[in-house]
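Each chain gets a letter, A, B, C and D, in the order it is written, and its residues are counted from 1.
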Amino acid sequence: MKLDAIFISGRTVNQGVNLENKSSTAYFDAAGYCEMNSTDAGKISTDPGNNVKVTTDFGNVVVPMRICEGNPDGLIFIPMGPWANAVASPDTAGCGMPGFKGIPATVESTDEKAPTMPELMARLK
Amino acid sequence: MQTVTLVPKEQFKISIEAETITPDNFAGKSAQDIGAMIAYEGNTPRPLSELFDITVDGSADAADVKIEINGNVARVKRIGEAMSAGEIVINGDVDMRCGALMRGGSITITGYADSWVGREMRGGEITVKGNAGFYVGAGYRGEPCGMTGGKITVFGNVLDYVGEHLCGGEIIIKGNAGILPGISNKGGTIIIEGDTAMPGSEMTKGTIIVKGTVTEMMPVYQNEGTETVDGVEYTKYVGDVTVDGAGELFVK
Amino acid sequence: MSELLIKNAVVYDPINKVNGEKMDIAVKDGKIVDSIGNGADVIDAAGRLVYPGGVDAHTHIAGSKVNIGRIMRPDDSRLNNKPRTKITRPYTGYTVPNVYAMGYGYAEMGYTTAFEAAIPIMKARHTHEEFEEIPIIDKGGLTLFSSNWMVMDAIREDDLDRVAAYVAWGLEASRGWGVKIVNPGGGEAWGFGKNVAGLDDPVPNFEVTPRQIIRYLAEANEKLNLPHSIHLHCNNLGKPGNYTTTLETFDICKDIKPKRDRQAVHLTHIQFNAWGGNHWGDMESKGDVIAKYMNKNDHLTIDMGQLVFGSATTMTADGPVQYANAKLLKARWANGDVELEDASGVTPLSYHPESYIHGIMWAIGLELALLTEDPWKVLMTTDHPNGGPYVNYPDVVALLMSKKKREEAMAKIADLTFERTSIATIDRELDWYDIAIKTRAAHSKILGMVEYGKGHLGVGADADIAIYDLKPDETDATVEHEKVKAALRKAAYTIKGGEIVVKDGEITATPMGRTYWVKSTAPSDAHDRMMADLKLKFKNYYSVNFANYMVQDEYVHNPVIEECGYA
Amino acid sequence: MIIKDVICPFCGCLCDDLAVEVENNKVIDVKHACKIGAAKIRGHNRIEAPMMRESKTDEFREVSYDEAINEAAKIFVNSKRPLMYGWASGLCEMMKKGVLLAEEVGGILDNTASVCHGPSALGVQEKGIPTGTLGQFANRADVVIFWGCNPVQAHPRHMSRYSVFAKGFFTNRGRKDRKIVVVDVRKTDTAEMADEYVQVNPGEDYKLLAAFRAAVADKADVIPDTVAGVSKEKIVELAAAMKGAKYGIVYFGMGVTQTRCKYKNIDIAVSLTTDLNAYTKFSIIPMRGHYNVTGAGQVFAWETGYVNGIDMSRGAPYYNPGETCSNDMLMREELDSAFVIGGDAGAHFPAQSIAQMAKIPVIQVDPFHNPTTEMANIVIPVKVSGVELAGTAYRMDSVCLRMRKLVDVDFPSDEEVLDKILAKVKEIKGVS
């Protein structure tokens, strides 16, 4: 079951803590996850820690899901970093700033494995 | 009459800045003279002769010079910059800032015109048969005025900020426009025959007519009831009230 | 260092009373000497005009205000662009040039020293980072004290020595040369969007008046024996009817005896403060009234703040006036209040001859210079870039020297201007000697830079020399004003510290200049009282720690330090 | 020994009250910093030596500094369109050398602002910016609005040092003297501790800001019942609260710069702030991310007249975000090399832009291994600025401070590497 959502990204404390430690698993834990509220989690029948696949017109990524009740329905958050960038828009909208927020996306639960940082980057080479 | 034909020799990947390609510069020049003019491929100066096959027929003043570009110049910027007269026909796509600071004459683009086509236009006419990018007829960063005169017609769609800081002249978009068309309009006219969103923010003077659907209205316009323009009935809005604007926005 | 002989120069050197004498100038090791051997390089001035290197005592060339002006104005930065060459970095910008065009532009006009008119102490490091990038010219800066909590608290407690102790500390913290006062007290009132209405209107929450701020700082200035006097931007700038505040302000320091051979107070860009009338409708010039005062008093000097038609980027610590102008003209507006210290604002605008208001402003600047008899009392400035960019100085000089040029300019200015000013009736035309005073000699004198070899060509002075491609004896400046303007715009030679840096208006060398600052001392008991209060303010109110506040030596690579203090 | 008054090299707060304990040239403890700052100063997996590889899928091989620098210089000399990105994690001293190198090689000089607060500069160019130093807000602000930013996560000590809990001259009761409003698309941790949380629909900040302007101008009649998901009543109520402030401050972040309308959100937010100055005192300030991204904008501005996206290919700088920023160029596939220094394009650009970097030679100058390293052909490790190298940085409010050197390491500084690359470029080109 696919959930239509709006994707946003942004900083978190842990993402910051590991900003200079990006080949570590700690960075994956800090930036490789997708937050949604429990109602949305219910719609795609998944639980915290399970992997979800987020897809936009610009790519897809598999990351573990976390609950954040602060999110309104239909809003998913992936911390800024390679996992968020996998689905971000390269369109700079005439002013140089790519699309990291407000991108239409679909989310579905998946058994696929979440890529590590090097694996994500390897996909682009 | 003088006709200059340019055919790109290769598919340019790094953008070429070729502000020399104008009737004013080519008037009375030979193919050899034109070939010697310098364009920049990134940081590297290259004579036009290396980039284009150039043929010149006749010799005339700028007003009677016709430049025809046959082939893909999607990576050739600033064609027609500050031209005052004459004609350019681009059979294909063209890169950014085509016709920037144009004062007179005409440019016709059969394909796609990238962003800032007709930037800070003073006069003359630009016709884009295909779609166009961002900032059609807009201004440069920080300038109070973009287009002040002339006319731009785009048959296809345009992206965001068409006519930003418009101080005069006319822009006609036959297709759809992106967000915020006519933002900070100070006295020009924009007609959008397709759909658009949030037209006329911070408009102080001028006119915007949207013949298609306005998917999102700015919460800063005074509804003045209905009015018929060229036989079509619109709701007339006046604003933007937050800047004491007297701009007129006609919405279906 | 090389030796240089300039032959057949027609020299104007007012500090040494040289008025157009044909002479040779000998240069050795960057200084002017009385003679040198015959192996020296020779420049034959061939009867051309020779001035000391230009000195600009009031200009905004570096720091946070100038830079927010650049950031705000790519529309300005794209003007006056020149690609890099083997010798020069790229030029950008007209009213807010990049650091390279800033230095090259002055040198091309024969200027060799320029003083930044306002350094907020907390942001002084930024000013010095830009000083370190501006090529060729020597620099110094005037440090803002006028709405500083330390100053106002000490004044309220009537502790003059503590005021002096803080001024001494503030000058060192900011590596500044002199005390700058802007709309005294108004900066603090602007902290909550208010202003002070006049000299006796107390500053909210601090209970001191602008008059007291001026008086205490002027006295502290003399107690510390500083080389420059206080440098004062009056209250009520840019308001019709403000000339009365200006005249009152003139009187405040009338009885103060300066410790050095200079004025007790310098009042800056007085054009903006010499307005009569009550509102924009009946605004008129009071340039004549100000000049009358100047002709009767010797304790003060002023500078013009001349307006130049076209684009300008107004920037000043007078936060309220910048907001008022931006609101009136619907212009872009940057505001930059600095905690515990002062306000600031930046507003791009342009001046139009069709506007009678701008016409009046234009006329007042010239009236001040032409109606004040003693040329030493009125320095030529445009308060760059408030009245207009410094690259237009030659245009202002031509106006001062030629009634014909004034008439040509007036033909394009709104008629109402001439009902509200006396500019059209003034015949006086300044000569080369007067101009040398107003563009070098007086600037150096009021700053206390004569003893540092600036603004004159006497033996021992710095070999900062400008040679202009114009023969005074064969040129009638009152008529050939285009020639005057062209000659002054691009010097035939500019020599900085004995090195040729400009030839035929083109940069030939880009040595780095020096930064002049003052290390002054107050009595140790006053210093200790001051430090106790200062440490408390850092603990409670500043957002940076005391240890990270003062400008470090790394930011002043070529310092020249004036040491002075209590007698 | 304990080094006091240390300045933190992580975020735009530039906290300058840290105490760092150093024993035989090793940082062993960091006090008063937040988690992020402490982690940066303690440091972790750094790149040990310069390394190179032919193709991006090969293993790196260790090389000498000279070999890496020579190869980098060759790439520059052969590039018609070299990108030079990052700068914000470096100090101002090295940025000046970056401008010099960009002029010599005719490159595109861009910093991390183009994926952060670059749009804020575009907004400032439209309207200016009424702002001040952080201490001005700490001492005076009684109405504090966090719009599209989440300091609890991104600037952990901001609230205690400057915006919420700080006790100032006119705000000596700290939190109790302030009304905190958070406007965001979701209820962030910062929203949790606010007096008022306004949830705005994603991508509709621009209309909401316009509605606030109408309300402030007492023209609420044009405002529909809801705007961007916020009721007209709430808009009118908050507009009144803003007008009633003694001193209002708007802190804004990626929530407005990265979303729909991009720089126009800042453009109109500045207009709202300016409008409010007719009624009271209001300021606005961007929550800058990197500790010295503000410095990068300041240095580039005084050197070139522009803050980022600076095209030096014609010998004089040309600026036009949307045409000359890194992601504009990558999207158009018109770069033939990329030089990443003091920034991590690999971690902060969209994947499709990075895919373009994969097709061109990439040179990285950075102390730490990161996603850009994965994309690089040449990697040159350098000192960690602000920890192993002293120099100048600019706080988010443009106050500049001097960072200390805490420990010595025998890596070269980024400035030294830039000097050497420039010298080699000139040598290859045969210019003096």
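Keep in mind that, in the parts below, a contact is a pair of C-beta atoms (placed from the backbone, for glycine too) under 8 Å apart; a residue touches a chain by one contact, two chains touch by 3 or more.
All values reported here derive from a predicted model rather than from experimental measurement.
Peer 1: If you average the CA coordinates per chain, which chain's centre is most distant from that of chain A?
Peer 2: Computed centres place C farthest from chain A.
Peer 1: Identify the chain pair with more contacting C-beta pairs: B-D or B-C.
Peer 2: B-D
Peer 1: For chain B and chain D, let me know how many angstrom lie between their CA-based centres, rounded off.
Peer 2: Chain centres of chain B and chain D, defined by C-alpha means, are spaced 34 Å apart.
Peer 1: Could you work out how far the Cα centre of chain B sits from that of chain C, in whole Å?
Peer 2: 45
Peer 1: Based only on mean CA positions, could you tell me how far chain C sits from chain D in angstrom?
Peer 2: Roughly 35 Å separates the two chain centres.
Peer 1: Report the inter-centroid distance (CA atoms only) between chain A and chain C in whole Å.
Peer 2: For chain A versus chain C, the centre distance works out to 56 Å.
Peer 1: Can you tell me which residues of chain A touch two or more of the remaining chains?
Peer 2: If we look for residues of chain A contacting two or more partner chains, we find 93-94.
Peer 1: Show the residues in chain C shared as contacts by 2 or more other chains, in ascending order.
Peer 2: 72-76, 78, 332 - these are the residues of chain C that touch more than one other chain.
Peer 1: In chain D, what residues contact two or more other chains?
Peer 2: 122, 125-126, 260, 312, 314, 319, 321-322
Peer 1: Which two-chain combinations qualify as touching?
Peer 2: All touching pairs, sorted by chain label, are A-B, A-D, B-C, B-D, C-D.
Peer 1: Would you mind writing out the residues of chain A in touch with chain B in their complex?
Peer 2: Touching chain B: residues 93-94 of chain A.
Peer 1: Going by the contact rule at the top, pick out the chain B residues touching chain A in the complex.
Peer 2: Of all residues in chain B, those touching chain A are 115, 133-135, 159-161.
Peer 1: Quick one: in the complex, what on chain C touches chain D?
Peer 2: Counting only chain C, the residues touching chain D are 62, 64, 66-68, 70-78, 81-84, 86, 89-93, 96-100, 122-123, 125-126, 129-130, 133, 190-193, 205, 323, 326-327, 331-340, 346-347, 540-545, 547-548, 552, 554.
Peer 1: Mind pulling up the chain B residues that touch chain C in the complex?
Peer 2: 140-143
Peer 1: Show which residues of chain A lie in contact with chain D when the two form their complex.
Peer 2: For this pair, the touching residues of chain A are 6, 8, 10-13, 16-24, 58-59, 68-72, 75, 77, 80-82, 85-102, 117-118, 120-125.
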